[in-house]
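Below is one structure, written out as C-alpha coordinates; the observations come after it.
Letters A, B, C and D mark the chains in the order given here, with residues in each chain numbered from 1 onward.
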Amino acid sequence: MRIVVQEAPFDMGAEANAFAAGDDAANGAIVTFTGVVRDLATGDLDVMEIEHYPGMTERALTKIATEAQSRWSLGDVLVIHRHGRLAPGDRIMMVATASPHRKDAFEAAEYLMDYLKSRAPFWKKEITNAGADWVAAKDEDEDALSRW
Amino acid sequence: MDVLYFAWVRERIGLPKEKVETQAATVSDLVAELSAREDRYAAAFADLSALRVALDQELSDFDAPLSGVREVAFFPPMTGG
Amino acid sequence: MRIVVQEAPFDMGAEANAFAAGDDAANGAIVTFTGVVRDLATGDLDVMEIEHYPGMTERALTKIATEAQSRWSLGDVLVIHRHGRLAPGDRIMMVATASPHRKDAFEAAEYLMDYLKSRAPFWKKEITNAGADWVAAKDEDEDALSRW
Amino acid sequence: MDVLYFAWVRERIGLPKEKVETQAATVSDLVAELSAREDRYAAAFADLSALRVALDQELSDFDAPLSGVREVAFFPPMTGG
(Lines give C-alpha, C1' and ligand atoms only; values in the text may rest on other atoms or scores of the structure.)
Protein backbone atom coordinates (compact mmCIF):
# COMPACT_ATOMS: atom_id res chain seq x y z
CA MET A 1 0.00 0.00 0.00
CA ARG A 2 1.29 3.46 -0.87
CA ILE A 3 -0.45 6.60 0.38
CA VAL A 4 0.90 9.95 -0.77
CA VAL A 5 -0.36 13.40 0.19
CA GLN A 6 1.63 16.13 -1.49
CA GLU A 7 1.51 19.64 -2.86
CA ALA A 8 3.76 18.87 -5.84
CA PRO A 9 2.37 17.64 -9.16
CA PHE A 10 2.67 13.95 -9.92
CA ASP A 11 3.17 12.12 -13.20
CA MET A 12 0.14 9.90 -13.66
CA GLY A 13 1.81 7.71 -16.29
CA ALA A 14 5.03 7.28 -14.31
CA GLU A 15 3.02 6.45 -11.19
CA ALA A 16 0.91 3.93 -13.10
CA ASN A 17 4.03 2.26 -14.51
CA ALA A 18 5.75 2.18 -11.11
CA PHE A 19 2.61 0.68 -9.58
CA ALA A 20 2.38 -1.99 -12.28
CA ALA A 21 6.11 -2.72 -12.06
CA GLY A 22 5.63 -3.85 -8.46
CA ASP A 23 3.21 -6.47 -9.71
CA ASP A 24 4.25 -10.11 -9.43
CA ALA A 25 2.21 -11.38 -12.42
CA ALA A 26 -0.36 -12.81 -10.01
CA ASN A 27 -2.53 -9.75 -10.57
CA GLY A 28 -3.78 -9.65 -14.12
CA ALA A 29 -5.96 -6.57 -13.66
CA ILE A 30 -4.80 -3.04 -12.97
CA VAL A 31 -7.26 -0.15 -12.66
CA THR A 32 -6.36 3.50 -12.25
CA PHE A 33 -8.59 6.47 -11.62
CA THR A 34 -7.23 9.98 -12.07
CA GLY A 35 -9.07 13.14 -11.10
CA VAL A 36 -8.44 16.26 -13.14
CA VAL A 37 -9.36 19.84 -12.14
CA ARG A 38 -12.38 20.58 -14.28
CA ASP A 39 -12.94 24.05 -15.57
CA LEU A 40 -16.29 25.59 -14.61
CA ALA A 41 -19.17 25.60 -17.08
CA THR A 42 -18.47 29.34 -17.38
CA GLY A 43 -14.87 28.54 -18.31
CA ASP A 44 -13.40 31.05 -15.88
CA LEU A 45 -11.82 28.99 -13.15
CA ASP A 46 -8.43 30.51 -12.34
CA VAL A 47 -7.33 28.38 -9.42
CA MET A 48 -8.60 25.49 -7.38
CA GLU A 49 -7.30 25.57 -3.84
CA ILE A 50 -7.33 22.33 -1.91
CA GLU A 51 -7.09 22.52 1.87
CA HIS A 52 -6.51 19.42 3.94
CA TYR A 53 -5.98 18.30 7.54
CA PRO A 54 -2.38 17.13 7.83
CA GLY A 55 -2.16 14.00 9.92
CA MET A 56 -5.82 13.11 9.69
CA THR A 57 -5.59 12.98 5.90
CA GLU A 58 -2.98 10.23 5.90
CA ARG A 59 -4.86 8.33 8.61
CA ALA A 60 -8.16 8.54 6.74
CA LEU A 61 -6.62 7.46 3.42
CA THR A 62 -4.80 4.56 5.06
CA LYS A 63 -8.03 3.45 6.74
CA ILE A 64 -9.95 3.58 3.45
CA ALA A 65 -7.23 1.66 1.57
CA THR A 66 -6.94 -0.93 4.36
CA GLU A 67 -10.69 -1.47 4.26
CA ALA A 68 -10.52 -1.94 0.47
CA GLN A 69 -7.78 -4.55 0.91
CA SER A 70 -9.91 -6.45 3.41
CA ARG A 71 -12.96 -6.44 1.12
CA TRP A 72 -11.36 -7.39 -2.18
CA SER A 73 -8.54 -9.60 -3.34
CA LEU A 74 -5.94 -6.93 -4.05
CA GLY A 75 -2.26 -7.21 -4.80
CA ASP A 76 -1.58 -3.56 -4.13
CA VAL A 77 -3.24 -0.19 -3.64
CA LEU A 78 -1.99 3.30 -4.44
CA VAL A 79 -3.55 6.60 -3.38
CA ILE A 80 -2.08 9.98 -4.30
CA HIS A 81 -3.85 13.23 -3.41
CA ARG A 82 -2.58 16.75 -3.89
CA HIS A 83 -3.32 19.87 -1.88
CA GLY A 84 -2.57 23.54 -2.46
CA ARG A 85 -3.17 25.57 -5.62
CA LEU A 86 -4.11 23.81 -8.84
CA ALA A 87 -5.14 25.04 -12.28
CA PRO A 88 -7.77 23.61 -14.67
CA GLY A 89 -6.37 20.48 -16.31
CA ASP A 90 -4.04 19.68 -13.39
CA ARG A 91 -4.29 16.20 -11.94
CA ILE A 92 -5.69 16.34 -8.41
CA MET A 93 -5.40 12.74 -7.35
CA MET A 94 -5.18 9.18 -8.48
CA VAL A 95 -5.87 5.73 -7.13
CA ALA A 96 -4.66 2.42 -8.51
CA THR A 97 -5.61 -1.15 -7.68
CA ALA A 98 -4.15 -4.48 -8.78
CA SER A 99 -6.04 -7.74 -8.47
CA PRO A 100 -6.22 -11.22 -9.97
CA HIS A 101 -9.80 -10.35 -11.03
CA ARG A 102 -10.96 -7.36 -13.05
CA LYS A 103 -14.18 -7.08 -11.06
CA ASP A 104 -12.23 -6.73 -7.82
CA ALA A 105 -9.84 -4.17 -9.29
CA PHE A 106 -12.75 -2.06 -10.59
CA GLU A 107 -14.88 -2.30 -7.46
CA ALA A 108 -12.00 -1.53 -5.13
CA ALA A 109 -11.07 1.55 -7.19
CA GLU A 110 -14.67 2.77 -7.10
CA TYR A 111 -14.83 2.15 -3.37
CA LEU A 112 -11.62 4.11 -2.82
CA MET A 113 -13.01 7.00 -4.87
CA ASP A 114 -16.38 7.04 -3.13
CA TYR A 115 -14.81 7.14 0.31
CA LEU A 116 -12.08 9.53 -0.68
CA LYS A 117 -14.74 12.00 -1.90
CA SER A 118 -16.65 12.13 1.36
CA ARG A 119 -14.48 10.71 4.14
CA ALA A 120 -11.00 12.10 3.56
CA PRO A 121 -10.45 15.60 4.96
CA PHE A 122 -9.99 17.65 1.81
CA TRP A 123 -11.89 20.82 0.93
CA LYS A 124 -11.94 22.45 -2.48
CA LYS A 125 -12.26 26.15 -3.15
CA GLU A 126 -12.86 27.54 -6.63
CA ILE A 127 -11.33 30.91 -7.37
CA THR A 128 -12.55 32.98 -10.34
CA ASN A 129 -12.45 36.65 -11.30
CA ALA A 130 -15.76 36.98 -9.52
CA GLY A 131 -14.46 35.67 -6.21
CA ALA A 132 -13.88 32.47 -4.28
CA ASP A 133 -16.34 29.73 -3.35
CA TRP A 134 -15.98 26.58 -1.30
CA VAL A 135 -17.25 23.62 -3.29
CA ALA A 136 -20.35 22.20 -1.63
CA ALA A 137 -20.49 18.48 -0.89
CA LYS A 138 -22.92 16.69 -3.19
CA ASP A 139 -25.75 14.54 -1.86
CA GLU A 140 -24.98 12.02 -4.59
CA ASP A 141 -21.44 11.60 -3.24
CA GLU A 142 -22.76 10.89 0.24
CA ASP A 143 -25.39 8.56 -1.24
CA ALA A 144 -22.72 6.69 -3.19
CA LEU A 145 -21.38 5.30 0.11
CA SER A 146 -24.57 3.38 0.80
CA ARG A 147 -23.81 0.79 -1.87
CA TRP A 148 -20.76 -0.56 -0.04
CA MET B 1 -7.12 21.01 24.10
CA ASP B 2 -6.26 21.97 20.53
CA VAL B 3 -9.23 23.11 18.46
CA LEU B 4 -8.75 23.22 14.68
CA TYR B 5 -10.90 24.79 12.01
CA PHE B 6 -10.85 24.08 8.27
CA ALA B 7 -12.27 25.57 5.07
CA TRP B 8 -15.08 28.10 5.61
CA VAL B 9 -15.23 27.34 9.32
CA ARG B 10 -11.62 28.51 9.56
CA GLU B 11 -12.41 31.59 7.48
CA ARG B 12 -15.50 32.50 9.50
CA ILE B 13 -13.80 32.08 12.86
CA GLY B 14 -10.67 33.75 11.53
CA LEU B 15 -8.04 31.31 12.71
CA PRO B 16 -6.89 27.78 11.89
CA LYS B 17 -6.12 26.59 15.39
CA GLU B 18 -6.32 27.63 19.02
CA LYS B 19 -5.79 26.22 22.49
CA VAL B 20 -9.01 26.04 24.46
CA GLU B 21 -9.25 25.42 28.20
CA THR B 22 -12.61 23.80 28.76
CA GLN B 23 -14.56 21.52 31.05
CA ALA B 24 -17.06 20.75 28.28
CA ALA B 25 -18.25 17.15 28.56
CA THR B 26 -19.25 16.68 24.94
CA VAL B 27 -18.59 18.23 21.55
CA SER B 28 -21.99 19.95 21.74
CA ASP B 29 -21.04 21.50 25.06
CA LEU B 30 -17.81 22.79 23.54
CA VAL B 31 -19.73 24.23 20.58
CA ALA B 32 -22.12 26.00 22.97
CA GLU B 33 -19.20 27.38 24.97
CA LEU B 34 -17.41 28.69 21.86
CA SER B 35 -20.62 30.09 20.36
CA ALA B 36 -21.22 32.08 23.53
CA ARG B 37 -17.80 33.72 23.21
CA GLU B 38 -18.17 35.84 20.10
CA ASP B 39 -20.43 36.32 17.11
CA ARG B 40 -17.93 34.81 14.69
CA TYR B 41 -18.09 31.49 16.54
CA ALA B 42 -21.87 31.65 16.77
CA ALA B 43 -21.99 32.31 13.01
CA ALA B 44 -19.67 29.40 12.21
CA PHE B 45 -21.61 26.99 14.43
CA ALA B 46 -25.11 28.26 13.53
CA ASP B 47 -26.03 25.15 11.53
CA LEU B 48 -24.46 22.00 12.94
CA SER B 49 -25.95 19.87 10.16
CA ALA B 50 -23.53 21.69 7.82
CA LEU B 51 -20.56 20.74 10.02
CA ARG B 52 -18.46 17.69 10.75
CA VAL B 53 -16.24 17.05 13.75
CA ALA B 54 -13.14 14.92 14.23
CA LEU B 55 -11.74 13.89 17.63
CA ASP B 56 -8.04 13.09 17.61
CA GLN B 57 -8.21 12.86 13.81
CA GLU B 58 -11.10 10.39 13.66
CA LEU B 59 -14.53 11.42 12.40
CA SER B 60 -16.95 11.59 15.30
CA ASP B 61 -20.23 13.31 16.18
CA PHE B 62 -21.54 16.13 18.29
CA ASP B 63 -22.79 13.88 21.09
CA ALA B 64 -19.35 12.35 21.62
CA PRO B 65 -17.65 12.83 25.01
CA LEU B 66 -14.45 14.91 25.10
CA SER B 67 -12.77 13.13 27.97
CA GLY B 68 -9.20 12.26 27.06
CA VAL B 69 -9.43 14.04 23.69
CA ARG B 70 -6.45 16.22 22.79
CA GLU B 71 -7.47 17.52 19.37
CA VAL B 72 -10.91 18.59 18.15
CA ALA B 73 -11.45 19.72 14.55
CA PHE B 74 -14.49 21.37 12.99
CA PHE B 75 -15.03 21.52 9.25
CA PRO B 76 -17.66 21.34 6.52
CA PRO B 77 -18.49 18.07 4.70
CA MET B 78 -15.41 16.93 2.84
CA THR B 79 -14.97 17.41 -0.89
CA GLY B 80 -11.91 15.41 -1.86
CA GLY B 81 -11.24 13.35 -4.93
CA MET C 1 -11.55 7.41 -30.12
CA ARG C 2 -8.31 5.53 -30.63
CA ILE C 3 -8.28 1.79 -31.38
CA VAL C 4 -4.91 0.07 -31.64
CA VAL C 5 -4.27 -3.61 -32.44
CA GLN C 6 -0.57 -4.38 -32.46
CA GLU C 7 2.02 -7.05 -31.84
CA ALA C 8 4.53 -4.66 -30.25
CA PRO C 9 4.57 -3.90 -26.52
CA PHE C 10 3.04 -0.60 -25.40
CA ASP C 11 3.97 1.70 -22.54
CA MET C 12 0.94 1.83 -20.28
CA GLY C 13 2.08 5.00 -18.48
CA ALA C 14 2.97 6.84 -21.69
CA GLU C 15 -0.36 5.84 -23.20
CA ALA C 16 -2.23 6.99 -20.10
CA ASN C 17 -0.43 10.34 -20.16
CA ALA C 18 -1.03 10.81 -23.89
CA PHE C 19 -4.70 9.97 -23.41
CA ALA C 20 -5.05 12.44 -20.53
CA ALA C 21 -3.12 15.13 -22.43
CA GLY C 22 -5.85 15.15 -25.07
CA ASP C 23 -8.31 16.07 -22.36
CA ASP C 24 -9.85 19.54 -22.50
CA ALA C 25 -10.43 19.93 -18.75
CA ALA C 26 -14.12 19.20 -19.29
CA ASN C 27 -13.54 15.61 -18.25
CA GLY C 28 -12.55 15.41 -14.63
CA ALA C 29 -12.46 11.62 -14.45
CA ILE C 30 -10.01 9.32 -16.23
CA VAL C 31 -10.14 5.56 -15.76
CA THR C 32 -7.68 3.06 -17.17
CA PHE C 33 -7.75 -0.71 -17.11
CA THR C 34 -4.65 -2.68 -17.99
CA GLY C 35 -4.55 -6.44 -18.45
CA VAL C 36 -1.35 -8.25 -17.56
CA VAL C 37 -0.41 -11.82 -18.57
CA ARG C 38 -0.90 -13.78 -15.38
CA ASP C 39 1.33 -16.68 -14.60
CA LEU C 40 -0.48 -19.98 -14.03
CA ALA C 41 -1.12 -21.25 -10.52
CA THR C 42 1.60 -23.79 -11.26
CA GLY C 43 3.99 -20.95 -12.08
CA ASP C 44 5.17 -22.53 -15.31
CA LEU C 45 3.67 -20.41 -18.08
CA ASP C 46 6.35 -19.82 -20.69
CA VAL C 47 4.43 -18.00 -23.37
CA MET C 48 0.93 -16.74 -23.99
CA GLU C 49 0.09 -16.66 -27.66
CA ILE C 50 -2.75 -14.40 -28.74
CA GLU C 51 -4.35 -15.05 -32.10
CA HIS C 52 -6.78 -12.58 -33.62
CA TYR C 53 -8.85 -11.98 -36.74
CA PRO C 54 -7.28 -9.05 -38.57
CA GLY C 55 -9.95 -6.76 -39.94
CA MET C 56 -12.75 -8.07 -37.77
CA THR C 57 -10.78 -7.23 -34.62
CA GLU C 58 -10.62 -3.53 -35.45
CA ARG C 59 -14.29 -3.52 -36.50
CA ALA C 60 -15.40 -5.24 -33.31
CA LEU C 61 -13.36 -2.94 -31.05
CA THR C 62 -14.63 0.15 -32.86
CA LYS C 63 -18.20 -1.06 -32.52
CA ILE C 64 -17.77 -1.72 -28.78
CA ALA C 65 -16.15 1.69 -28.19
CA THR C 66 -18.81 3.46 -30.27
CA GLU C 67 -21.54 1.79 -28.23
CA ALA C 68 -19.80 2.90 -25.02
CA GLN C 69 -19.72 6.48 -26.30
CA SER C 70 -23.42 6.38 -27.05
CA ARG C 71 -24.30 5.02 -23.59
CA TRP C 72 -22.15 7.25 -21.41
CA SER C 73 -20.96 10.82 -21.46
CA LEU C 74 -17.40 10.28 -22.59
CA GLY C 75 -14.77 12.72 -23.71
CA ASP C 76 -12.57 10.07 -25.25
CA VAL C 77 -11.99 6.34 -25.42
CA LEU C 78 -8.78 4.38 -25.95
CA VAL C 79 -8.46 0.65 -26.64
CA ILE C 80 -5.11 -1.07 -27.18
CA HIS C 81 -4.87 -4.83 -27.61
CA ARG C 82 -1.80 -6.86 -28.44
CA HIS C 83 -1.51 -10.14 -30.31
CA GLY C 84 1.36 -12.56 -30.83
CA ARG C 85 3.66 -14.01 -28.19
CA LEU C 86 3.66 -12.59 -24.66
CA ALA C 87 5.40 -13.58 -21.44
CA PRO C 88 4.04 -13.52 -17.85
CA GLY C 89 3.99 -9.93 -16.60
CA ASP C 90 3.62 -8.45 -20.10
CA ARG C 91 0.75 -6.04 -20.62
CA ILE C 92 -1.83 -7.56 -22.96
CA MET C 93 -4.22 -4.68 -23.38
CA MET C 94 -5.54 -1.47 -21.94
CA VAL C 95 -8.63 0.67 -22.16
CA ALA C 96 -9.02 4.26 -21.02
CA THR C 97 -12.09 6.45 -20.64
CA ALA C 98 -12.48 10.14 -19.86
CA SER C 99 -15.73 11.64 -18.63
CA PRO C 100 -17.07 14.59 -16.66
CA HIS C 101 -18.41 12.03 -14.14
CA ARG C 102 -16.47 9.30 -12.36
CA LYS C 103 -19.42 6.91 -12.51
CA ASP C 104 -19.54 7.19 -16.30
CA ALA C 105 -15.79 6.74 -16.66
CA PHE C 106 -15.85 3.61 -14.47
CA GLU C 107 -18.94 2.06 -16.04
CA ALA C 108 -17.76 2.67 -19.60
CA ALA C 109 -14.38 1.09 -18.82
CA GLU C 110 -16.08 -1.97 -17.32
CA TYR C 111 -18.41 -2.19 -20.31
CA LEU C 112 -15.45 -2.04 -22.71
CA MET C 113 -13.69 -4.80 -20.77
CA ASP C 114 -16.75 -7.05 -20.58
CA TYR C 115 -17.37 -6.81 -24.33
CA LEU C 116 -13.72 -7.03 -25.23
CA LYS C 117 -13.46 -10.31 -23.28
CA SER C 118 -16.27 -12.05 -25.15
CA ARG C 119 -17.02 -10.14 -28.35
CA ALA C 120 -13.67 -9.17 -29.81
CA PRO C 121 -12.02 -11.93 -31.89
CA PHE C 122 -8.99 -12.79 -29.78
CA TRP C 123 -8.01 -16.26 -28.63
CA LYS C 124 -5.41 -17.04 -25.99
CA LYS C 125 -3.18 -20.08 -25.90
CA GLU C 126 -1.06 -20.96 -22.89
CA ILE C 127 2.23 -22.66 -23.58
CA THR C 128 4.07 -24.51 -20.81
CA ASN C 129 6.70 -27.25 -20.67
CA ALA C 130 3.83 -29.71 -20.62
CA GLY C 131 2.29 -28.46 -23.84
CA ALA C 132 -0.10 -25.88 -25.24
CA ASP C 133 -3.74 -25.25 -24.32
CA TRP C 134 -6.30 -22.86 -25.71
CA VAL C 135 -7.84 -20.85 -22.88
CA ALA C 136 -11.52 -21.76 -22.52
CA ALA C 137 -14.07 -18.96 -22.45
CA LYS C 138 -15.56 -18.52 -18.97
CA ASP C 139 -19.28 -18.61 -18.35
CA GLU C 140 -18.85 -15.71 -15.95
CA ASP C 141 -17.44 -13.58 -18.77
CA GLU C 142 -20.44 -14.34 -20.98
CA ASP C 143 -22.76 -13.72 -18.02
CA ALA C 144 -21.10 -10.35 -17.36
CA LEU C 145 -22.64 -9.03 -20.59
CA SER C 146 -26.16 -9.44 -19.28
CA ARG C 147 -25.84 -6.48 -16.94
CA TRP C 148 -25.50 -3.95 -19.77
CA MET D 1 -16.32 -17.61 -50.75
CA ASP D 2 -13.41 -17.29 -48.33
CA VAL D 3 -13.70 -19.54 -45.29
CA LEU D 4 -11.45 -18.72 -42.33
CA TYR D 5 -10.63 -20.76 -39.25
CA PHE D 6 -9.14 -19.55 -35.98
CA ALA D 7 -7.63 -21.03 -32.81
CA TRP D 8 -8.29 -24.75 -32.30
CA VAL D 9 -10.69 -24.82 -35.26
CA ARG D 10 -7.78 -23.75 -37.45
CA GLU D 11 -5.51 -26.35 -35.82
CA ARG D 12 -8.04 -29.17 -36.16
CA ILE D 13 -8.84 -28.43 -39.79
CA GLY D 14 -5.17 -27.77 -40.48
CA LEU D 15 -5.40 -24.52 -42.40
CA PRO D 16 -6.24 -20.89 -41.66
CA LYS D 17 -8.15 -20.07 -44.81
CA GLU D 18 -9.51 -21.62 -47.97
CA LYS D 19 -11.68 -20.78 -50.94
CA VAL D 20 -14.89 -22.79 -51.01
CA GLU D 21 -17.25 -23.04 -53.96
CA THR D 22 -20.66 -23.73 -52.49
CA GLN D 23 -24.38 -23.39 -53.08
CA ALA D 24 -25.08 -23.71 -49.34
CA ALA D 25 -28.05 -21.54 -48.38
CA THR D 26 -27.15 -21.13 -44.71
CA VAL D 27 -24.14 -21.43 -42.44
CA SER D 28 -25.52 -24.77 -41.20
CA ASP D 29 -25.67 -26.04 -44.78
CA LEU D 30 -22.05 -25.01 -45.30
CA VAL D 31 -21.03 -26.75 -42.08
CA ALA D 32 -22.78 -29.94 -43.22
CA GLU D 33 -21.08 -29.72 -46.61
CA LEU D 34 -17.62 -29.25 -45.07
CA SER D 35 -18.19 -31.97 -42.44
CA ALA D 36 -19.04 -34.45 -45.19
CA ARG D 37 -15.72 -33.76 -46.92
CA GLU D 38 -13.21 -35.14 -44.45
CA ASP D 39 -12.94 -36.31 -40.86
CA ARG D 40 -10.93 -33.29 -39.77
CA TYR D 41 -13.84 -31.02 -40.70
CA ALA D 42 -16.35 -33.33 -39.05
CA ALA D 43 -14.19 -33.30 -35.91
CA ALA D 44 -13.90 -29.51 -35.87
CA PHE D 45 -17.64 -29.02 -36.39
CA ALA D 46 -18.77 -31.86 -34.11
CA ASP D 47 -20.12 -29.56 -31.41
CA LEU D 48 -21.59 -26.37 -32.85
CA SER D 49 -22.37 -25.02 -29.36
CA ALA D 50 -18.60 -24.71 -28.89
CA LEU D 51 -18.28 -22.64 -32.07
CA ARG D 52 -18.99 -19.12 -33.22
CA VAL D 53 -19.39 -17.85 -36.75
CA ALA D 54 -18.81 -14.46 -38.34
CA LEU D 55 -20.15 -13.41 -41.73
CA ASP D 56 -18.17 -10.67 -43.42
CA GLN D 57 -16.50 -9.95 -40.06
CA GLU D 58 -19.73 -9.56 -38.07
CA LEU D 59 -20.78 -12.14 -35.48
CA SER D 60 -23.72 -14.12 -36.78
CA ASP D 61 -25.35 -17.51 -36.19
CA PHE D 62 -25.64 -20.89 -37.83
CA ASP D 63 -29.14 -20.23 -39.20
CA ALA D 64 -28.02 -17.14 -41.09
CA PRO D 65 -28.30 -17.13 -44.90
CA LEU D 66 -25.08 -17.01 -46.91
CA SER D 67 -26.40 -15.11 -49.89
CA GLY D 68 -24.10 -12.22 -50.73
CA VAL D 69 -21.57 -13.22 -48.07
CA ARG D 70 -17.92 -13.12 -49.16
CA GLU D 71 -16.16 -14.19 -45.98
CA VAL D 72 -17.20 -16.79 -43.40
CA ALA D 73 -15.13 -17.41 -40.27
CA PHE D 74 -15.42 -20.21 -37.72
CA PHE D 75 -13.82 -20.02 -34.30
CA PRO D 76 -14.28 -20.90 -30.62
CA PRO D 77 -15.77 -18.44 -28.11
CA MET D 78 -13.48 -15.45 -27.83
CA THR D 79 -11.05 -14.97 -24.96
CA GLY D 80 -9.71 -11.45 -25.33
CA GLY D 81 -8.89 -8.89 -22.67
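As a working rule, contacts are C-beta pairs under 8 Å (C-beta built on N, C-alpha and C of every residue); 3 or more make two chains touch, one makes a residue touch a chain.
These numbers were taken from a predicted model, which means no experiment stands behind them.
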{"item": "Where subunit B and subunit C are represented by their mean Cα positions, the distance between them in whole Å", "value": "48"}
{"item": "CA centroid of subunit A to CA centroid of subunit B, Å", "value": "26"}
{"item": "Centre distance in Å when subunit A and subunit C are each reduced to the mean of their C-alpha atoms", "value": "23"}
{"item": "Multi-chain contact residues (two or more partners), subunit C", "value": "35, 102, 113"}
{"item": "Residue list for subunit B, restricted to those that touch at least two other chains", "value": "81"}
{"item": "Category of the chain touch graph - line, ring, star, complete, other", "value": "line"}
{"item": "Which chain pairs touch, all of them", "value": "A-B, A-C, C-D"}
{"item": "Subunit A-facing residues of subunit C, complex", "value": "11-17, 20, 23, 25-39, 88-89, 91, 100, 102, 105-106, 109-110, 113"}
{"item": "Touching residues (chain side subunit A, partner subunit B) in the complex", "value": "35, 50-53, 55-56, 59-60, 81, 92-93, 113, 116-125, 134-137, 142"}
{"item": "Of all residues in subunit B, those that touch subunit A in their complex", "value": "4, 6-8, 10, 54, 57-59, 73, 75-81"}
